[in-house]
């Protein structure tokens, strides 16, 4: 399976962010973990701190949908971006929203997700494993779509 | 009249978005429609998915105000961007906010417009014709300013 | 096209209302403007300050739908009348809500529209031209329905 | 028993309204149903789309209270009219509020009833049978008042 | 002074309404009280249960402003009518809103007044005397405008 | 018709509860009233103060749907139980929600019903007769389903 | 009649406050106006900027109720003081709340009155005449209590 | 690893519930899926529709914590039960909240989770796979706790 | 005096719960404390994690009111249970609500009590002593009822 | 133990306040009750209607903390005073908030307590006995601090 | 420049308050810091815990405006006092609101400031330096007013 | 000290924006003012209208923290950007939020600051001097950190 992993703002800074919320691994560590854990899949990784770039990356996926699965962590834009939600809504492959921290156990303004409503599901609170679980979720959606 | 048409996020994707809300025309179709409908006007078209680029385009219009009329569809930023509102507020030419879909007939978070409050008026729900009507509105404001 | 134009409360008083919000034209001026601007269309004009009369006029249009397009400015009832919304919802011809003033730039209680949600679209803030633009919107809906 | 049945806005349009919510019977069908179902009762029927006429009809019932029971469906005014509530509050005979559709299963602005709070009870969601049940409720209140 | 006294819905029913809130006097009693208390003034009385008629009466006052003072009790419309507020806003003579009962000591939905915001002031809670005090308030505004 | 009547918390205590709200009849009185009033129907009665038992009783009805009609009074759970709503939603026979007292005329926290939204309709405020009316409502739904 | 007039915070500053809201008269002017207008009454005047002193003055009135009428303008405490409301609630003579400015036409935080709910009524928006009208209101309450 | 899987109200009804939200598998299908997918783990399954039984099962786990991981789907209690949250808070093994449907894409009252705030994380929207992913999450937490 | 002490969900787990909020005593410790502190009273203790059992225990007390005083700690149900409130409202002996922790100093969802509104009073924040104080409160109510 | 008892606004008026809420005892009765009930303790009593004096009395207690326990009834300031909360927060001896009436059973604006959040606990609804229970609570906190 | 520094409730207690929020300096330390830092200015210091005294001090400044600059820290009254806001609004010299702690980083009820809206600006979060910065702000306003 | 000054959207337009809110100086004027006022400090200036660029500039500061102080004016993003808040939270040098206008005296949507909660403090309302004061605040934090 070709899987596109999109990270939003501040996720390039893993390792520098509050380890109580985000763990001490860097994004490279997580990317390597995905690659090693799933040697049979092809990963494309994308990170941007720009709302506009995230939107345009989503557009590209709509146009050239080689990717068969999508994992997105929209960071702080999760809670505020109608524009990303609109872009995401156009993408018709299986989509998983992931978060490193448990967004329901933090400040009230992090309890809502504008973007999760147009994804297949949400995985939140497992650190790097949220991504691993996201891939497994895609595998299963894939299987059941085929079945 | 020189008319500046600014489109916000996801409007480059017309034709790919939910046709029930946005119609099946592409943005090029709409641009052509404007040019053909109004051969006497000069149009400048600008689209960006980036909040910052939209703001800067508005700044440019403030500095070099050749444009005599402005039509803006701020997409998902309509409902969330104080920064675009602030930029728009500086622009002193006639300004029309347009939407392809009828924003009052959709999700509650689309019923408010931060940006319409600093425009002359709002046209919402007529698909490509929202833009055509926007130009006609500019013509009339122009006429009445002259008169 | 036969077009029905319905005005709600206080719109018979144009010319006497705050010109900063409503302009200095009377309703007759606006009606004449429509007739002159669109000699090919037949207009029926109706104004009432009574919620009940507005509802009944809408019923009549449902029963004898000679009109092929509807333009409504429900004035103060826009923001409060479930009953007009229910009547309007029965009318199956193209419907445009118009406002002389920009309702999003006024008091908070004018930002919501119960009635716009059951119209094709909304045009707000262009004075008398809101009606003219409303007719143009009807022309285009008509054309595209035929096409 | 003499029973007064008051219908508010848009209820004269039954048969034309969305049958998924309101059924396909006309008001005459419902009136006939009541008359046939309850040959021993005398019915007076009143419909108005005017808030003011509804209020004045309620006043008349207060002055000449031949009616021994009241059934009211205030349509869209149910949710917005303090003035009808005030008039209804003066009427001291048994009062039943009825709705054809289940108001709790529709838009949020239909979940509240200003008028039900000053009635004996509420029957909502049974189409024409809401009226029949309303009469039966009156019969029972009558009986228990006598008992 | 010529004084116009406008009563809204249910005020024709005084004497029949809950005396704990509204006293036991009829409207005629109150009208006579005004006439006797102020023999030097000319009173015009108007009552309507129809929002539309109230609006139109206000329009008439705008057109033929013989009245030099206005006293209005908008009853249940006080709390819900944007349309009456809009009509009232056009009337440029001194305007007093009165209420028989103390609206701040009743249900929460009676604590707000859409109409008082466009009057000179509010007098609430003194039964028939609210009207008498309203006239006295007009006398004083009159005097101070002359002075 | 086989009719299942489900009562929620505190309804086994009728006769002991505030008679101003709930009347002075016991539940046995009401059950007898139903049996006598409708000798042609077969009634099954169930009462539980346990949210879980109510849910499980609803499950049983889903599995063995001999019942052709359902009447439910969920007592205090009406306003708070998402879990009962979910169970009720699975039951595909006609469902009537009933209340002894007029829930719209009591404390604000009783004005909402989570469960009524997944029933055919609601009958509230007629004491024991709410149940009788509920059965009549079922009869009519039955008839119209057959017709 | 002995009348107690209580002024709350900032009312000793009349003449210095924004004349658009409060007029240009000083409090002495208003006191003299009351004394001249009502030579038959005895006035006691009290002003304090201290919530506690206002409360204690109210206590004193409870203990030695020579005063037969009370006029209170609680200034900014009107909208925030539960403690003054509690004190005022103990005072069993006729009580009138007055305001110089029309509190319903100002900032939203001035639209509510905690104290008016335990007074006979409210007079707001007539400048110094609010006090004069307050005394007239007391006269009438007095008369009707005697009658 | 010994893993305890707790299901709340209505989850015994899988296969009967709306397949668009919950899929068409029964709970036994899901349990078998877990057992087959993870032959190395020992599973204990528990389902209850009773809030109290869920609480007491959580207590038992606190007392005899053989389980090394916990997966909970609290169904409708997720959104309303402070009492389950309090019980869950005492359990000090890794805890994962799972949902078959995507709770953020359903009714507003399902967007909040009282219980997720005291779990390690949340997995929502993947049907039966939400449980499989939950086990994988436990495996990883286990590993990292050991590491 | 015969005193009934009812504990709601999770209170059987004292000693295992967060000692910062609930102290380190077990419920047996607290029960012994009550028995030793008040040798002259007879205590009946009841604990349940089931909302329904709590309701039914309250019913039993209504039927056989040997108890002369009631102390209830409804745990997490305090904040959500209309059904327990309804049951409690039927019990006509003195009723004290107690909490081990200070509910006003914890999460916002614990600041409200549906049940305290139908008790004589509330004691919150004193650990085991909240119960002791509850008994003393009952003694005093008893005395004053006799006196 | 030296115990400081602070009473806020209107508590000097006990005996004059609504006996349904506050009982018929005066404050002297309550003070005597405390002295007689607890001959082994030394009481200092302080009452003020002034927010500022209450704050300063709290400051004095901070400076010269002879008192070993504090009982406070902040009357109407309980619900509105951030300033008293800030002063109270500095006082590091055991603190009990008491109320004569059951604040949860009165108007909604009395349900919240800004001050209880910085006390050890709250006792509300037992009339004079709330103070007695407050002393007993202090005794127990004292004992357990020593133990 | 003559500068008036007004401190509200609890600011006389600096040194005793939570040093994490307020630092460990006393008010005298801060006053000395101001005097030493700005030898060219004349300072008048005023502290009161009484809302009324603060109001009256503001009145005095209005009457005898020797002061050319005002620095105010209204402590807990910042968030609740309409009366202080009204007094402050009359003072026409430059006004700076200061806070020792960062009010936006504390409890939600401290995020709003009623008083800052009628000051020139706000400085919050710098401990004693908030005052020093306040003086510097006054110097600059002074300069620019002269320039 | 090396000081980094970050300006957000529209701050490059100073001189063109509403001078009543923002003054008539350009940003270059302000930068020169800072350089001249503080010759001993080294300033780095950065302005961006792009949320993403602001985030990335903050990241760079985290990586290469030569700057010893940070001054940020996030313009319209102040009120809406969770993503900037998250980036800012990683930066561990002293941080001051500044605003040219007094945000508490403008529209309600400008009264909240998501970003100020993770800064040391806020300075708002002093035009260009807000920046100068920000530098002085940094100097003092620096001094006290050293001391």
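Labels A, B, C, D, E, F, G, H, I, J, K and L are assigned to the chains in the order they are written; within every chain, residues are numbered from 1.
Methods note: contacts are C-beta pairs under 8 Å (C-beta built on N, C-alpha and C of every residue); 3 or more make two chains touch, one makes a residue touch a chain.
Keep in mind that what you see is a predicted model, and the values were worked out from it rather than measured.
The minimum number of touch steps linking chain E to chain K comes to 2. Common neighbours of chain B and chain K under the contact definition above: L.
Our note on geometry: chain C versus chain I, Cα centroid distance of 62 Å, whole angstroms. Per-chain Cα centroids separate chain D from chain G by 46 Å. Averaging C-alpha coordinates per chain places the centre of chain E 23 Å away from that of chain G.
Distance between chain centres (mean CA atoms), chain G to chain K: 32 Å. For chain K, residues that reach two or more other chains under the stated contact definition are 50-53, 80. Contacts between chains, counted with the stated touch criterion, involve the pairs A-B, A-H, A-L, B-C, B-L, C-D, C-E, D-E, D-F, E-G, F-H, F-I, G-J, G-K, H-I, I-J, J-K, K-L. For chain D in complex with chain E, the residues that touch the partner chain are 50-53, 55-56, 59, 62-63, 80-87, 89-90, 114. Chain J meets chain G in the complex at residues 8-10, 12-13, 16-18, 48-53, 75-80, 109-110. Residues 102, 104-105, 111-113, 116-127, 129-130, 132-133, 136-137, 140-141, 144 of chain A are the ones touching chain H in the complex.
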